[in-house]
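Both of the next two complexes hold subunit A, though its partner changes from subunit B to subunit C.
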Partner chain A sequence: MLANQIGYYSLVIGVLFSFFVCAASIKDFNSSNKRISQNVLALSFMQLTFVVVSFLSLILSFIKSDFSNETVFNNSHTTKPLFYKISGTWGNHEGSLLLWLLVLTLFIFVFLVKSRKQPKKYRILTLLIQQIIIIGFFLFVLITSNPFNYLFPIPNEGLGLNPILQDPILAIHPPILYLGYVGSSIIFSASLAAITQNYVSKEWGQHIKKWVLVSWIFLSIGIMLGSIWAYYELGWGGFWFWDPVENVSLMPWLTLTALLHCILVLEKRGVLKSWVVILSITTFTLSMCGTFLVRSGILNSVHTFANDPSRGIFILIFLFVLIFLSLGIFFLSHKEKNEDFYNFFWLSKETSILVNNWFMMYFLSVILIGTVYPIFLDVVTAEKISVGPPFYHKLIAPFLAPFLIFMAFAIKLKWIKSKIENRYSLIILFLTSLFLTFLIIKNLSTDLLFYTVLISAAFFLFFTTLKELFIQKLKNIPQTVAHFGFSLLMLSILFNSILSSEIITNIKIGERYNYNKSQIFFEKIEEKKGSNFNSIIGYFKITNENGKIIQLKPEIRIYNQPKIITSEADIKTTFLEDKFLVMNIVKGNEYFNIRYQTKPFMFWIWISVLLLSTGGLISVLKKNYEK
Partner chain B sequence: MKNKIRLFFLVIFLSFCFIIFLKGLDNSNIYTPRISEQKKLPIFQAKSFNSDIYIKSEKIFEKNSFYIVNIWASWCIPCRREHPLLMKLSKNKSVKLIGLNYKDNINNAKKFINELGNPYFQILIDKYGTLAVEFGAYGVPETFLINQDKIIVKKFVGPINQQIIDEIKLIIK
Partner chain C sequence: MYGKKVKLRFLFLILILISAILSVFLILQSLEENVVYFQSPSEIKSLVELNNKKIRVGGMVKEQSIVIKSNEVKFIITDFINEISVTYSGAIPNLFVEGKGVVAEGFLKDRNYFFATKILAKHDENYMPPEVNQAIGDK
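Entry: the complex of A and B
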């Protein structure tokens, strides 16, 4: 009760502080003082404090199961474990927006503290632009999605959190992803501020690089966590479905990756300024666009919390205000200077990064079209189409092989002017990759030519980066680790897609199902009681070709609040292969529907994303970029 | 100058996007199939089960006859259960059964029909489940009764049973 009041009024005070911050910084902007006045910092800190208080009081309401709060009532239940009561705070529309607001205010404060050496006017402008975003979100929360709505009479029991969201990974997936998204808002504000101050320079590049890296790391890990969750919880047995919701998180990742590379050129050579600014704007716009698409109900997904159209309209208008604002600032301040007409030597790191940009832009446009076109078509012609994996595979795969080969060459290039060294060893590596690939996949009944080209390209990158790792010692380690991670990711994904197998069948207790020398034996079922669900556990024994027996215990959970049945897959993970079994009840029948999959190299997909992020992390921790 | 032209086109394009999204919000895509009773039969074309040709819906549904559209799949267990009832119903001369094979593997589907018999006058393939959305189906199995004026008069969610058969018979009498 009290927590509810405190939370609400903290939010209101928080929005007031936004205006104070704006007023103080405008006043400070033209003062002769060389440093930002302490007032601005203090006000920004107060704003952060009030948002923290508001967020904590929402958590408290969830912990105490205070059902006089509408958000708690809608998304919690007394029997829920404490951990999920807490994670339920951001497992709903209102709470997740409050979390977004928390990260926004936290990041701008950290930015102010961390950017002491930067010019004052630039810092103040960044703060102002960021405050516009913050005020937008404050109003959004207070007007359309207040997390502290009061209910009377107070219900005795809540409606419960959607069981598929009751999961340890999903408890941390949103905060991590938000750190990535919101980090991109800082980059957005900073680059707009920098362009008006004509400060897009080497120094600025050095300073903003840390933010780009940090957002990129969080975004990568956030996407991976979502993917792991979908893999074991949704029971589809895949890790990427080209679902619109996944796509909207991948798009900012692509632009952020391109931006990361451009920043290096900016930092080193002081060029590609327009690229950097445009990519910064696009990254944040795409993040917001993602929020709009998944939250407004325009796309159907598990992330669709908002079913109130006024919310969709609010985000949409806010999104376009930001886009037009940034475009206005960009075109007003942007002057085409000579330095933008770069003249790079064709064989140099700069050129290769430009080529990389264009590849990224291509992948981005494919995904953007695949995601948005169905909406356009539906509105214009009322025709419903669904764009599935084949579309993306057909358009992306042919460009992947040249991309990978190009990358293998590019990582060895030097700045300004370079030549390809050790040609023979490269040729040998390439031939080895080709031969190895051929040996591996010649016995498989897949599209031979297509996969040979793709996999050997991935192998080629793998070997060249591996060699770099050994010969380079500690020089330029972040780059090599990240690219090595990427090659491993590609290899794992490719092998996973051609070597996976799947059995779907209906089976009853005590029955055996035989298929090519292997057998699935359904031993028994057992019933168990969890704290807020009952579960049926199936005991399966699977004998493979070599006579090896493994036991898998998939589960069907029947949650009490809300009444939902979920299937929990049982996955046996080893270094080389995942064995994945999920079962479903067949209504009114003694049969169970089971799906048994073997998925090679799943483990390596997650490991390689971690490696990729580690590359970024090393770069953040390292003081200077390579000489 | 060049910049202004760029800006102009960008603004036009973005405004277009804005309008599209705004419109898109109205017809929300959370696929809650509409309640489709008393609705006109959708016009569509679909691949035939036994050959590779596409058939237009006008060609299948003629006037002056009752039709039943049954959405089924070989992987759907309740479909297996309702199948004998459909077989029985197919003997009734005043109604024609149209099967809509939903998100299925064609070989499994053929096995299913060979094993349990074919009650359908015509089977259409709905490989991606989009046709079922047109009909306003929630899943499989689902059965629609269509009258002489090509209007969906009744919709049955889930497997049909004797009671439903009796209801259908009453209507088509």
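Entry: the complex of A and C
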């Protein structure tokens, strides 16, 4: 009860502090002092403190199962394990927005502390723009989604958290993803501030690169965690479904990746200034759109949870204000001095980065159209459609091969003017990849030409980066590691999609199901009691064509509150492949519906995303990268 | 006439323009081919002609209609005015229950018979796909 009050009033005080920060920084803006006055820093710190207090009191309410709080009542239950009581704090709409707010205030404070060497006016402007976003979110939380609504009479028991969210990975997925999303807000504010101060320069590039990298790392890992969760919890047996909710997280990732590359050009050559600013604006806008689309219920996705449309309108208005504001600032302060194109030599690192951006923008537009078109059509003609995976595969896969080959060539290019070195070794590597691919592919009954081209392109990148890893000095390590990770990711995904196999059948206890010299034997079931669920564990013995037997024990959980049945897949992971078994019950029937899959290289998909992020991490940690 | 730089920029612009037009054309083209329409049983009844494109059918699973065999599941989707029989072999989501909303993706055999290739799962027992909500709410 008390925690509830404290949480709410901290939020209100937090808004007041936002205005104080604004007032103090406007006053400081024109003062002759060379450094930001301590007042501004102190006020910003106070703002952060109050948001932290508010967040902590929400966590406390969840831990104590204080059902006088509406959010706790809607999303918690006394029998829920402590860990999920805590993670339930951000597993719901109100709490997750409070987390957004927390990260927003945290990041701007870190920015202020970390940017001491930067010009004062630029720092203050960044702070001001960031405060506009923060105030917007404060109002959003307080007006439409207050996490501290009071309930009377106080219920004895809560409604519980959706069981599929009671999962260790999903407990950390939102915070990590938000760190990535919100990190892009700093880039957004900073780039707008920099353009008004005419400070988009090499120095600025060097300073903002860290923020770009950090957001990119968090976003990559956040997306990967979501993907792992979907893989084992939803029981669809895949890691990416081109679902709108997944797409909205991938879109800012694509622009952020493009930005990451452009920042390097800005840092080295001092060109592509406008493009960097445009990418910064786009990334943050897409992150906001992601939140808007997921939270408003507009998206026609199986991922969407029940939600409230009035919130959507608020975010939409807020989004438009931000877009107009940023475009306004951009065009007003944009200098008509476009030295960008003509001192580019056609064969140089900067040109290759431009080409990378073309590809990124193409992938982005495919995903954007695929995600938005159904919404658009629904509004205009009231026709309901969905755009499925074939659309994305068809449009993205053909461009992947040139993209990969291009990446392989671009790795060794130098700035300003370059030539292709070691032609022979490149040709040898290319032929090796082609030959290797052909050897692997020819025994498989797939679309031969298509996959040969794609896989050999991926192998080509794989070998070139691998070679780089061995021969080069430490100079380009982050780049090589990240690109090596990407090639590994592509290879794993491609082989995974060709070599996966799946058996779906309905089976009774004690029955055997035979296929291709293999057998699935449903031995027995066992019932067990968990803290807030009862579970039925199935014992399966699977004999493969070589006579090897493995045992898998998928589980069906029947949660007490809310009464939901979930399936927990049993996955045996090895270096080469995952064996995946999930079972479902159909009410009042003796048959169990099972899905058995072998999924090669799943492990490597996760590893390669980690490698990709590691590349970024090394770059953050390394001071004089590419000197 | 023009400087080399101007020419180069011009070339660059044209290249961007062409690739932009091309990609938009490509995207729209394959959008046309790969879109899955959503229909309710009543809309299917009133279809003038049947084609063999993939569609989605949404509504409620009729009470007492689920029949399970070892290799397939049969059930009836209803919007309380018309109904359609569905045959399906594949993974069944946990929230596939009689009397609850369902979306099935697949092909029409005729106006009364649907061959499903996928049944969509949901995350929340209170959640209903917007289409189902509307298909039922309209009536």
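Following the convention adopted for this analysis, the second predicted complex is superposed on the first by the 616 of 627 C-alpha atoms of A that agree within 3 Å, B and C clash if a C-alpha of one lies under 4 Å from a C-alpha of the other, contacts with A are read in each partner's own complex, and residues count from 1 in each chain.
Simple rule for what comes next: contacts are C-beta pairs under 8 Å (C-beta built on N, C-alpha and C of every residue); 3 or more make two chains touch, one makes a residue touch a chain.
Since the model is a prediction, treat every value here as computed from it, not as a measurement.
Partners subunit B and subunit C, once the complexes are superposed on subunit A, run into each other and clash.
Within the superposed three-chain model, A:N593 lies in touch with subunit B and with subunit C [touch as defined at top].
In the superposition on chain A, A:L56 makes contact with neither subunit B nor subunit C. Comparing subunit B with subunit C, the partner in contact with more residues of subunit A is C. Once chain A of one complex is fitted onto chain A of the other, the partner contacts of A:I375 are limited to subunit B, with no touch recorded for subunit C.
After overlaying the two complexes on the shared chain, residue contacts for A:I564 are found with subunit C alone; subunit B is out of touch. In the superposition on chain A, A:L327 makes contact with subunit B only, not with subunit C.
Legend: residue contacts after superposition of the two complexes on their common chain; A:G312 is shown touching subunit B, with no touch to subunit C.
With both structures placed on the common chain, the touch criterion links A:S386 to subunit B and to subunit C. By the touch criterion defined above, A:N506 reaches both subunit B and subunit C. On subunit A, the patch touched by subunit B and the patch touched by subunit C overlap at residues 297, 300, 304, 384-386, 388, 504, 506, 586-587, 589, 591, 593. Those residues of subunit A lying in contact with subunit C across their complex are 162, 164, 234-236, 297, 300, 302-306, 341-342, 358, 362, 365-366, 369-370, 373, 383-388, 390-391, 394-395, 504-508, 511, 556, 562-567, 582, 584-587, 589, 591, 593, 595. For subunit C in complex with subunit A, the residues that touch the partner chain are 5, 8-9, 12, 19, 23-24, 26-28, 30-31, 34-39, 56, 66, 68-73, 89-98, 120-127, 129-131, 134.
Here subunit B touches subunit A in the complex through residues 3, 6-7, 10-11, 14, 18, 20-31, 75, 77-78, 81, 128, 130, 133, going by the rule given at the top.
The touching residues of subunit A, when paired with subunit B in their complex, are 292, 296-300, 304, 307, 309, 312-313, 316, 320, 323-324, 327, 331, 334, 336, 375-376, 378-380, 382, 384-386, 388, 504, 506, 586-589, 591, 593.
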